[in-house]
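Right after this note come the structures.
Look at the two complexes coming up: subunit A is in both, with subunit B in one and subunit C in the other.
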Partner chain A sequence: MSEAVDTSGEHELDLSWMDQKGPWDTKAEESRYGLTLADIQIGEYGETPDVSDNLTGRPRGSAPRPGSYRIGNYAVRTKNEIWLDNASFLYEEALQRQWSSATDVPWHTIEPLPDDIEQAECQLATFFTEVEFVAGDVPARWVSETTPDFFEARQVLLAQVMDESRHMDVFRKRAMANGGGLMQATGATSGFVGSIDLSRDFTEMSSRLHLSGEGAVLTMFRMGELMAQNEAEKAMYRLCAQDEARHVAFGVMHMRYMSAAAPERREEIHCYLDEAEGQIVSGVGNPAARGGPVGESLAILLGGGKDKFDEGMNMLTAIRRRQFREYKKRIVSAGFGERFENGRSRLMEMFEEAA
Partner chain B sequence: MAKSSKASKAKTAKKAPAASAKPSAASDPAIAATPTLVSSQAQGKADSGQPEKQGPVLDWMNKTRQWGVRVKPGKAGLRLGDLNVGIYGEIPMQWSDQSRNPRGAVPRKGMPPVGYAVREKVGMWADSAADLYEEAIQRRWAPATDVPWNTVEKLPSDIERAICQVCTELSQFANVEIETIAGWQHQMVYGYHEVKQYLATASFDAARHYECFRKRALVNGGGLGVEGPGQVNRMILESSGGWSATVAYLVLVRAVFTMTILKYLARHAYNDAERFIYEHVLQDKARLLTYGLDHLHFAVAHDDEQPAVLATVLAIGDRVLTRDLRDPALREALAIIFGRGIRGARRQGMEMYEEMMADFMQTHLGYCRWLGIARAPAEAMPPPLNRHAGASVAA
Partner chain C sequence: MAKFPSVRWFDAVREVFNGDESVQGGGGGYCNCIAGMKVGKDVFVLTFEGVECTEAVKADDAALDDVDFYLDMAPADWREMISNIHSNNGADRHHTLNTLDLEREDGLATSHHGDQYREDLFFRYNQTFQYFFNASARIRTDF
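The block that comes next holds the complex of A and B.
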C-alpha cells in the first residue's frame, strides 16, 4: 500500500555519519553488581592499546575523524605507565562507598575533652587537612595528562580526588567542632625536591603517594580506634581508611602491572622504593614518625594525655611496626619482595630491632 | 653508614637477580627524605624503631590563630560552609601563600612553594562552592546500580544508531570537562579550598557522565559512533590563560548547550534507563552551571576589565561553535531521536532540534545579560546562531 507523502517543509538530511562507527552489535550485560565498567569491557571496546595514538580525546573504540585536531597533548600514552588490572573494580567500589562528612559522622558524640587532648586532636586534624589534598591535586594533574584510552585508570584517580576532598574536609570539621581550632601547618607537602607534587613520572609519583605516603596513613587510620576519643572520630578514621585502602590498592596493582609489563624498569622502581622507605622511616608524609608536632600529638592521643606520653610513644612504636609490616606485604604483593630477601631494604631489620 | 645484617647479606649473595643490595634511603643521608615534617629533635633519630627515652618537646602546643571554636551540626549535618566562622571565615582577595597551609592555620615559614597559578579570589571564587560541594555528595548516584538498565529494549536500528552517536559525543564532552577541571584544579591555591573541593565533585561527576553514556552506547546492540568534530573541545582546552575564560567556555557555552540537549532528550527518552541518565546528568550539570554563573558574577563584580574580556572570549566562542554546528552528526542524531526515526527526523525531529537550539541560545544570552557581558545582536551573529538567537522559544 502506498501513501502520498507531503515532503514540503522537510529538512534534507546528510546521514553519511551513520556509517562511521565503532564495532556494532555490542550488547553488554549486567552482572551481579549492576552494569559495571568491567561489563562494558567487551569485544574491541575492552581492548586497551599498549601505546595510545589517540590525541583527539575520542572515546576508545569510536570511529576517528581524519580531520580531527590533536588537542590531547597527553604525557601518559604508554599503558604500562599508568595501568592496573582491577581499575574497574576499584572505581565501582568507590562509587558505592561514597560517604558524607556532613551526615555520616555522628558529630553529636563529640564532647569537651581535656585541653592537652583537644590540642593534640586539633594538631593532628590540622596536619591531615593540610596533607590530604596533595592526593587530590596531584592525581588530578595526572588525569589531565593521561589519554582517555586508559580511562579506567583515570576514573579511579578521579574517585580518589573526590575522596581526598572529603578527607581534607572531615578533618577541618573535626578541628572546629569541639572548642579548638586549627593549629600550625607542618609544611609536609611543600614543593621540595622529592615530594609527591614534583614527581615527573607517574610511577614514581605513585610510589611516593600511594605506597609510601598513603600506605603509612592507611595503617594509622586503621588504628583509629586507639586514637579516637569518641564515636565521631572512630567513624572518621574508619571511613577514611576504607577510601585510603582503595588508593593504596591502586599503587600496588599499578606496580604489579608495571613490573610484569616493563621488567626493564624494575631496578628503577627499586630506587623509588629505597626513597619511599626512607620517607616512611624518617617521617616525611608519615604522621606516625617519632617526634615533631604530629608524632607528639599522636602520643598524647594514644596514651590518653600529656602525662601518659611515654605509654603513647610505645603505642606509636607499635603502630610504626605495623606500618612496616603492612608496607612489606604490599611490596611483596606488588612483585618487589626480593628487596626484603637480598638485604636491599632495611625496613624489616629496623622492625626486628624494635621488636 | 649502617650495614645489612649478616643474615641478609648471606641471602644477598645467593639471589639478587634484579635488585642489588644498596644502602637504603633510610641509612643513606644522600637519598634520605627531605626533613620537613619532623622537628629538629626528631631528625637524625628517626631511623630507629625503638622507643626514645627523652620526653616530649611540645613546642607546637598553643600555636593557633583562634581557639574555642565550636561549630555544631545543623539539620543537614555539619556542612563545609558552617566552618566559616571567626578568622576561619575570613577569605582574603589575595592568597600569596604557596604551601598547603589550611586557611586559618598558623603558617610554617621557610617552605618551598608548591607552585599555584591561580592565587586571587577573583580568579576562582564562588560563594556557592561550599554548598554545591555538600549537595554533590548528598545527591550522588552510581550508573552501575542506580540506572534501571533492564528497561532498555531493542530499538529500531536508526534510532539506536542515533542514540549511540549522541552518547558518543556526550561522553566526549564529559572527557573534555574532566581534562579541563583536572588540569586547573592543582593550579589553584589552598586558601580558597571550597572551590577546589567543589571542583573535585565536578570532575567526579564528569567521570560518571563519561561512564554512563559509554554504558548506554554499549548496552543495546549498538556501539560507539564517530567522534565529535571537536572545535569547541579544542577551544575549552586551549583557553588556558585564565580560569574565568575557561569557565565562560566550559559552563556558559558547553554546559548550557549540554543541559539544553539533556532537557530535550529527557522529554524524548525511549525507556526509563535513558530518562534516569538524562535527568541525573542534568541535575549534576545544574551544579556546574551554578558554580560557573556564580564565579563569573563574582569575577565581573570585582574586576572592571572582566566584562569586556568575557565579551571578547564569547564572541570568539560564537564563531568556533558555529563550526561544530555545521557537522551533521549530532544535529541529525538528535533529530532522529526527537522524530522517532529518520522519517520523522526530516520534519518534526528537525523542528524540535531548531526549537532546542533557540532554547539554548536564548538561555545562554539570558545568562550573559544577567552577568552584564555585552553580546552582539542576533542579526550580527554568525549563522546559524543568528537564526537561533532571533527565534522565539515556546514556553
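The block that comes next holds the complex of A and C.
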C-alpha cells in the first residue's frame, strides 16, 4: 500500500469572487405575463445611464472588473440615440408572438394558379426576399455597435433580426411552393432601400428603416393578405404584417424619445424625413409605385390578372393613399407633425405627381 | 344561442377564445389593448390582456374616445362577416379583418384620437383578433 499523497496547501480556494457582486438580495417576482424584462427592472438593475462608459461588455448591474480589456468599440453610448420607453414590452411581445414558416402557414392550401398570377406572386416573393435581407442586416450591425448598458433596445433589434430572417425564408418558400420559382432580382437592395445601410447614425437608420421603409412594407404585406389566392398566402402575409407593425412601433417610440430628450436634433430628423418622403414614401423608391416589376405585379394581383391591370392599378392607387395617410399619422405620433402644417412636407403633392 | 350584438355574445366568444391554447401560439399570443366594436349605433369595448380577452362591456360613443382603435361596420356587414366565419369555420379569403379593412375607403379600423401608434395595434395583433372572431364559429349566433 502506498502512502497517501499530501495535498495540503495545493487546493486553497480563492473565493474572493464571492465578494464581487452587483446589488444583492434581489428577488424579482413574476407578473401575470411571467417573469418579464419589465419585472427585473429592480433598483440599480433598472437604471440606464444617459451616457455609457461601458466598453468591456460588462452586463449592466454586474460588478466591474478592474483592468479588463475593452472588447467593444461601441458607437452608440448615448441613451437618446437608441432608447425607447417600451423596449422591454416590445421584446417580450416579439418573443411571445413568434411563428414558424414551416408549420404555421397552411402550405397544403396552395393550388395551381394561372401563369400571370403565379409569376406576379413569385416576383413579389423575390422582391420581399431581397428587401428582408436589408431589414435583417442593418439592425444586426447596430446591435454590435450598442453598449450592453442599453440591452433592452438591443434585445428588440435582435428579435427583429429573427423576424426578418423568417420573412426571408417564408417568401423564398412561397416562390418555390407552386411550380414557379424566384424571378429576376429587382435591385431593391440598391437605391434608397440599400442606402439605409449607409446611415452613420442610429436615429438616421431608424427613421429610414423603421418609419419609412417598414411602414411602406407593412402596407404591402397588408395588400398581400388582401390579394392572397389561398389560405397559405393569407396567413403568410398577415403574420409578416404583424411583425412589421412591431418594427414600426420601435421607430415611432424611439423618435418620440429622441425628440423629447434631444430637441436640438429635430431639424436633422426632419432632413431624414424630407429624403424619405421624396423617395421611398412617394417617389420611385416606393416599390408600390406605378411601373416596375413590383408595382406591375401588385396591380396584376389586385386586379386578378394581366387583363385587369388597369383595375388593379386603380386599387393600388387607392391603397397607396391609405399608406400615405398612415405614414403621416405615424410621423405626427412620433412628434414631427409640424412638417405637415408648415408646408415643409410635400408628401401629398409628390404623390399626386407620381400617381 | 347568443344574439349578436350583445355582451352575452361577446362573452360566449371570449370563453371559447380564452379556453383555446392553440390560438396562443402560431403568431397569436400576448395582446394588450382596448378595442372598440361599433355595430351600427351599438358600441362594445373589449379588453385584451396577455393571452386572454378579459372583458366585454356595452358602452356608448363617448367610450370610443378611450379605446386604442375600434372596428366600425354596419350591422349587415357584421352579420355577413360572422355568418361567413360560421359557414367556413373561420373567415374565408374575402372576410378576414385585414381584407375588410383594405376594401373600405375609410377602413374598418379607426379611432377618435387619430394616434397611428395606437391604431397600428390592429395590425400588430391582427392574428389574435382574427382568432377571436374565428372562435365565434364555435358558438350559435342569432341575429
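By our rule, the second predicted complex is superposed on the first by the 326 of 355 C-alpha atoms of A that agree within 3 Å, B and C clash if a C-alpha of one lies under 4 Å from a C-alpha of the other, contacts with A are read in each partner's own complex, and residues count from 1 in each chain.
Keep this in mind: a residue touches a chain if its C-beta (ideal position, glycine included) is under 8 Å from a C-beta of that chain, and two chains touch if they have at least 3 such contacts.
None of the values given here were measured: they were computed from a predicted structure.
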{"item": "Simultaneous placement of subunit C and subunit B on subunit A, clash or fit", "value": "fit"}
{"item": "Which of subunit B and subunit C A:153 touches, first, second, both or neither", "value": "neither"}
{"item": "Which superposed partner A:234 touches (first subunit B, second subunit C, both, neither)", "value": "second"}
{"item": "Contact breadth on subunit A, by residue count: subunit C or subunit B", "value": "B"}
{"item": "Touching partner for A:223 - first (subunit B), second (subunit C), both, neither", "value": "second"}
{"item": "Subunit B versus subunit C as contact partner of A:65, first or second or both or neither", "value": "first"}
{"item": "Which superposed partner A:209 touches (first subunit B, second subunit C, both, neither)", "value": "neither"}
{"item": "Which superposed partner A:306 touches (first subunit B, second subunit C, both, neither)", "value": "first"}
{"item": "Subunit B versus subunit C as contact partner of A:92, first or second or both or neither", "value": "both"}
{"item": "C-alpha centroid angle, subunit C to subunit B via subunit A, nearest 10°", "value": "120"}
{"item": "Touching partner for A:252 - first (subunit B), second (subunit C), both, neither", "value": "second"}
{"item": "First (subunit B), second (subunit C), both or neither touched by A:32", "value": "second"}
{"item": "Minimum Cα separation, subunit C to subunit B, after superposition on A (Å)", "value": "11"}
{"item": "Footprint overlap on subunit A, where subunit B in one structure and subunit C in the other make contact", "value": "33, 92, 96, 98-100, 103"}
{"item": "Touch list for subunit A against partner subunit C, complex", "value": "32-33, 92-93, 96-100, 103-104, 218, 222-223, 225-226, 228-231, 234-235, 238-239, 241-242, 244-246, 248-249, 252-253, 318-319, 322, 326, 329-330, 332-334"}
{"item": "Subunit C to subunit A touching residues, read off their complex", "value": "25-30, 32, 49-50, 93, 96, 98-99, 101-103, 105, 107, 114-121, 123-127, 130"}
